[in-house]
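Chain naming follows the written order as A, B and C, and within any one chain the residues start at number 1.
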Amino acid sequence: MATQAADFQSLSRRYTADKPFRAFIQKALSGYYRKRDENKANFQDWQGARDLAAETKYEAVNHLDKYLLEFEEKITARGAKVFWAPNAEAARDYILKVARENNVRSIIKSKTMTSEEIHLNDALEKQGFGVFESDLGEYIVQLRKEAPFHLVFPAMHLTRGQISDLFQKELGSEATDEPEKLTMIAREVMRRKYCEADMGISGTNFAVAETGMISITENEGNARLTTSLPKIHVALLGIEKVLPRLEDLSLFLPMLATAGAGQTMTCYNTMYAGPRQPGEPDGPEQMHVVLLDNRRTELLADAEQRDALGCIRCGACLNVCPIFKNVGGYSYGTTYGGPIGSVITPHLRGLKDWKHLSAASSLCGACTEACPVKIDLHHHLLQNRRNGAKAAPNAVEKFTFGGFSVMMGRPGLYRLAVGLGRIFQPLQGLVNGTILDPLKAWTGSRRFPKLAQKSFHEQWKKERGGKR
Amino acid sequence: MNGGRAIILNRIREALRNNPAPRPHTSHSQTEASAHQNGHAQREWLPKVGTTLPEQIDLFAKISEGLKTEFHRVPTAESAREVLAKLAAESGWKKIATHSHHDTDLLLEGFSLPIVRTEKGYAIDDIESCDAGVTGCEVLVAQTGGIMVSVQSAGGRALSVLPPHHVVIARTSQMVPDLTAAFDHVKRKYGKSFPSFMGFITGPSRTGDIERILVLGAHGPKRLTVLLVD
Amino acid sequence: MRISLFVPCFVDQLYPNVAWSVVRVLEGLGHEVVFPESQSCCGQPPFNSGYWDEARSAARVTMKAFRDAEVVVGPSGSCVTMIKVFYPDLFKGEPDELEARELAAKTHEFSSFLVNVLGVTDVGAKFDGKVTFHDGCHGLRELGIKSEPRTLLSHVKGLELVEMAEAETCCGFGGTFAVKYAPISTAMDEVKCASILETGAGTVVSNDSSCLMQIRGMLEKEGSAIRSLHLAEILASK
C-alpha cells in the first residue's frame, strides 16, 4: 500500500478511536448547522441560488483564459503586478524575490489555504523572513507548529484549555479559560505586527474579471489590516477563483457566508482594485497578484470533473461529511481534506498516491447536497475510483471482481459459491473475532448475519415452482 | 516578467479545446429569472427585501442589531452630535480619528476631543492610539444590515478598521435594498476609476475560532455604531 | 399489473423474508408478481470499487433477466439506484446503452413504487410499537425518497413513528467501505445507533437491507433489544 494510504489508515484509526475528540468536533459543528439552516431558510429559494451559482462558475471555469486575461488587464491598469505561477516553486520564488528586492523583514499573513498548498511559510522562514499568521485560528496552529485542521476553522479541534496552555507557553500570558480573554491576548500581539510589517500576504476568495478586483471574505478584520498598513500587498490565488462580473459577488458573498459559516454575511467583504491610487491617503505602494496553476489545469482538462474547479472553499462539504466528522482534518494528510480534497487531490498531487481518499467514503452524497455551487462531489469520488482502477488496478481486487462477475453470470457457479458459504459459515463462527477470522474487519464491532438456510431463489422455486 | 503566463494560458486552452464539460443539473430556468429581474437573476433567489424605504430601514435595524451593531436613528445632525458626545463620555474617549467629508465634518462640528485626520496621510501609530474612528459610508445595505465603505467615503483603508470603535454617519437617502444595488451604485459613481479599496462591513469584528464560541473584536473594531440621520 | 421482482443478492442470501414481504404486499393489492430467476447481482460491488468492465458483465445478466419486464420493483434504495442512476453512466457509449436506459426507466424502489406509481399509501398493515426510520443514503439522495416510507408508515395501525436526529446521516455501510475502512465505518455506525437509542424506539426501520445489516450488526453485538426490520416487513405484517 502506498505510504499515504497507509498513513490515512493509521491516522483515521487513531482519531476514530478517540470518542471524546469525535464528540467535541460534533459539538463544534452543531451551532453551525442551526445557523446555516436559519440562513438558508431566509433565502427565497436556496436551490435556485445554487443553480445560478453553479451556472456562473460553469461560465467562469469553461472560459477561464478569457476571464483571467480580462482580470489581468483591468487590475494592471491600476498599477498592480500580475505574476502567473505555473507551479508552487515559481510562486514561492516570486514572492521571495519581491520580499528580497524590497528589503522586507517582517511579513504578516491573512488566511490563505493556497499558501499552505505551496508551503510558503516554510520557504519564507528558511530565507530568514519573520512570518506571522494573523487569523486567530491560523495563529494558534502556527504556534503549535501544526497544519490547519479545517479549510475554514483551522483550530476547531482545540479546547480553550489547550489554547490557554499554548499562549502561556509561547507568549508568557496568564492562564484563562475564557475565549474572550484568549482572543484579546492574540489581538494585542497582532496589533504590533500589523503596524510594523513590511509586507502583507493575503489569499483571495474571488477575482472579479469585469472590474479587475480581488475580493476577500473574513470575520476578524485581520485581512483588512494585512492589506492596509504594510507597504507591499501580495495576493495569492488559484487560477480558478475568477468570477465574470462584479455583481456576481452579490450572490456569492451571501452564499459563501451561509454555507461556510452559517452567517448572512461575514463581517468584512472587501474588494481590492490595485495598490494605493493617486490621492488616496493610505494603502500599499505595491500590489502583486500571484495566479497559481499547480496542476489545476490538469483538473480543468478532465471535463467530467471540471466543475470541481468551481469550489469556493466554503467548507460546507467538510461540515456535513460523516467521514470528516469522525476522522478529523489531519487524517487526510494533505492541504485540502474532506470531500473536495478527496476529489481534487488525485489531480493536484497524483492519482496513484491519493486515490485512497476517494475510496475512504461511503458515497452518502451529503457533500454534493451541501455544495453551494453544485459540484457533483460524490460521483467524482466514484470516477476517481474508476480512473484509479484503470491506471493502477489492485491485482487482488481485479481478480476478485473478475471472478465475481463470472460467478454472477453463471447460476450454477453462484449456487455453488453460496453452498460453500453455508458450509463454511459455522467454521467462521468458531474463529469469530479472533486473529483467524476472515471477517474480522466486520466482526470486530458488528455481528455478521447467518446465511439463510435457503435463498429466496430456492424458496421461490420450491413454493412457486414452474412460474417464471 | 510575466512568469508562466504563456505556459498557463496554453494549458488552459488545450484543456478546454474540443472538450466540453456537462452543464450543471439545474431545475430553474435562469434566462427567465434573469429577464424578469432586469438581468439581475440573483434577486429571484436571495432573501427578500422590502420595497419601501421604511421597510428597508426596519430590516436594516433588525439585522444590524442582531449582529451587535449599535444602531441609532436620529432626526437631525444636531441629535447625531448629541449621541456622539454621549458615546465619547461614556466610553472615556481621549482622541479620535476621522477624515474630511461632508457628513463627518457636520457630525464633528464643535467636537471637543483631539482629532487626527487621515486624508493627507498619517502616521500609523497616531491612528492606532485613537479610541474611535469616525467615517462616512457609500451606502447602507438593508438586505444584510451592513454598510459599504470605500477610500473616499471612509478616509482610506485603515480608519474604519484599526481604531477599536468604528462610528459611521449616514443619511437615510443612502439606504439601498441589497448588494446588487450597492454594486450598481459604485459602478455608476466611479465608472472606470474605482478606488483601490471598497467593501462591506457587517457588524463589529468577530471570531468563532475558539470552540466555535462567538467573540467580538478579534482584530477589527469591537464596537460598530451607525448613526442614521433622516 | 404484472410486477417483476428484483431481489438484491444479499436479500436473496441473507434476508429472503424481505423479498417475501414485498411479494405479500403487492399480491395483497391484487397485482401479479413474477420473479425472473436468472437475476443475480446488479453489479454494484465491482462498480463501486472502480471495476466498471466487470460491473458491466454482471449488469448485463440483470438487464437480460428483466428484458421483458413491464415494470421492475426492488426493496433496496442502493440497488435500485445502481440500475436507475448508474446503469445509464455505466453503459454510456456501449451498444446496449439504450437497453440500460430502458431498464433504468422502468425500475422502482418499493416504497416509491407504492406511493408514486400505484398511488397507494395504506396497505392495511398492523404493527404495534414505536418505530424510527433510517434514510438509506442512495434512496434519499439519488432517488429522492424521503416522504414515501413515512407516508406508508403513518398508515400502519398501532405504529408510532419518531424521528431520530441523525435520520439522514450515513450509517457507514457503503459496500466494501465497511471492511476496507472498518474503523471509520464503525464510528459512523456508533453515531447512528446512538441516535436510534435516543429516540426510545423499539424498532428501527429502513428501506435498505445493507443499512439494516450494518445497524443490526452493531445493535446485536451491543446486546440491544432494539429490532431492525425492513420497511417491507412492517408493511407485510398484519
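The rule we apply is simple: contacts are C-beta pairs under 8 Å (C-beta built on N, C-alpha and C of every residue); 3 or more make two chains touch, one makes a residue touch a chain.
Because the structure is a prediction, the values reported are computed rather than measured.
Looking at which two chains touch through the most C-beta pairs, you get A-B. Taking each chain's centre as the mean of its C-alpha atoms, the one that lies farthest from the centre of chain C is B.
The mean-CA centres of chain B and chain C are about 52 angstrom from one another, to the nearest whole unit. Centre-to-centre spacing of chain A and chain C amounts to 32 Å, using the average Cα coordinate of each chain. Each chain gets one centre point, the mean of its Cα atoms, and the points for chain A and chain B are 29 Å apart. Taken in their complex, chain A has these residues touching chain C: 9, 12-13, 16-17, 22, 26, 322-323, 326-327, 359-366, 368-369, 382, 384-390, 393, 397-398, 401-402, 404-406, 408-409, 411, 414, 418, 421, 439, 441-442, 444-452, 454-457, 459-461, 464, 467-468.
Contact residues of chain C toward chain A in the complex are 7, 9, 11-16, 19-20, 34-38, 40-41, 43, 45-52, 54-55, 57-58, 60-61, 137-138, 140-142, 168-170, 172-175, 177-189, 191, 213-214, 216-218, 220-221.
Those residues of chain B that touch chain A in the shared complex are 2-5, 7-9, 11-16, 19-28, 30, 33, 40-42, 44-48, 63, 99, 118-122, 124-125, 128, 144-146, 151, 155-158, 161-162, 178-180, 182-184, 187, 193-213, 215, 217-221. Contact residues on chain A toward chain B in their complex (touch as defined above): 28-29, 31-32, 42-49, 51-52, 54-55, 58, 61-65, 68-69, 78, 82-87, 90, 94, 134-137, 140, 153-156, 158-160, 163, 179-180, 182-184, 186-187, 190-191, 194-195, 211, 213, 219-222, 224-225, 227-229, 239, 246-247, 249-251, 253-254, 261, 264-277, 280-283, 287, 291, 293, 297-298, 300-301, 303-304, 306-307, 374.
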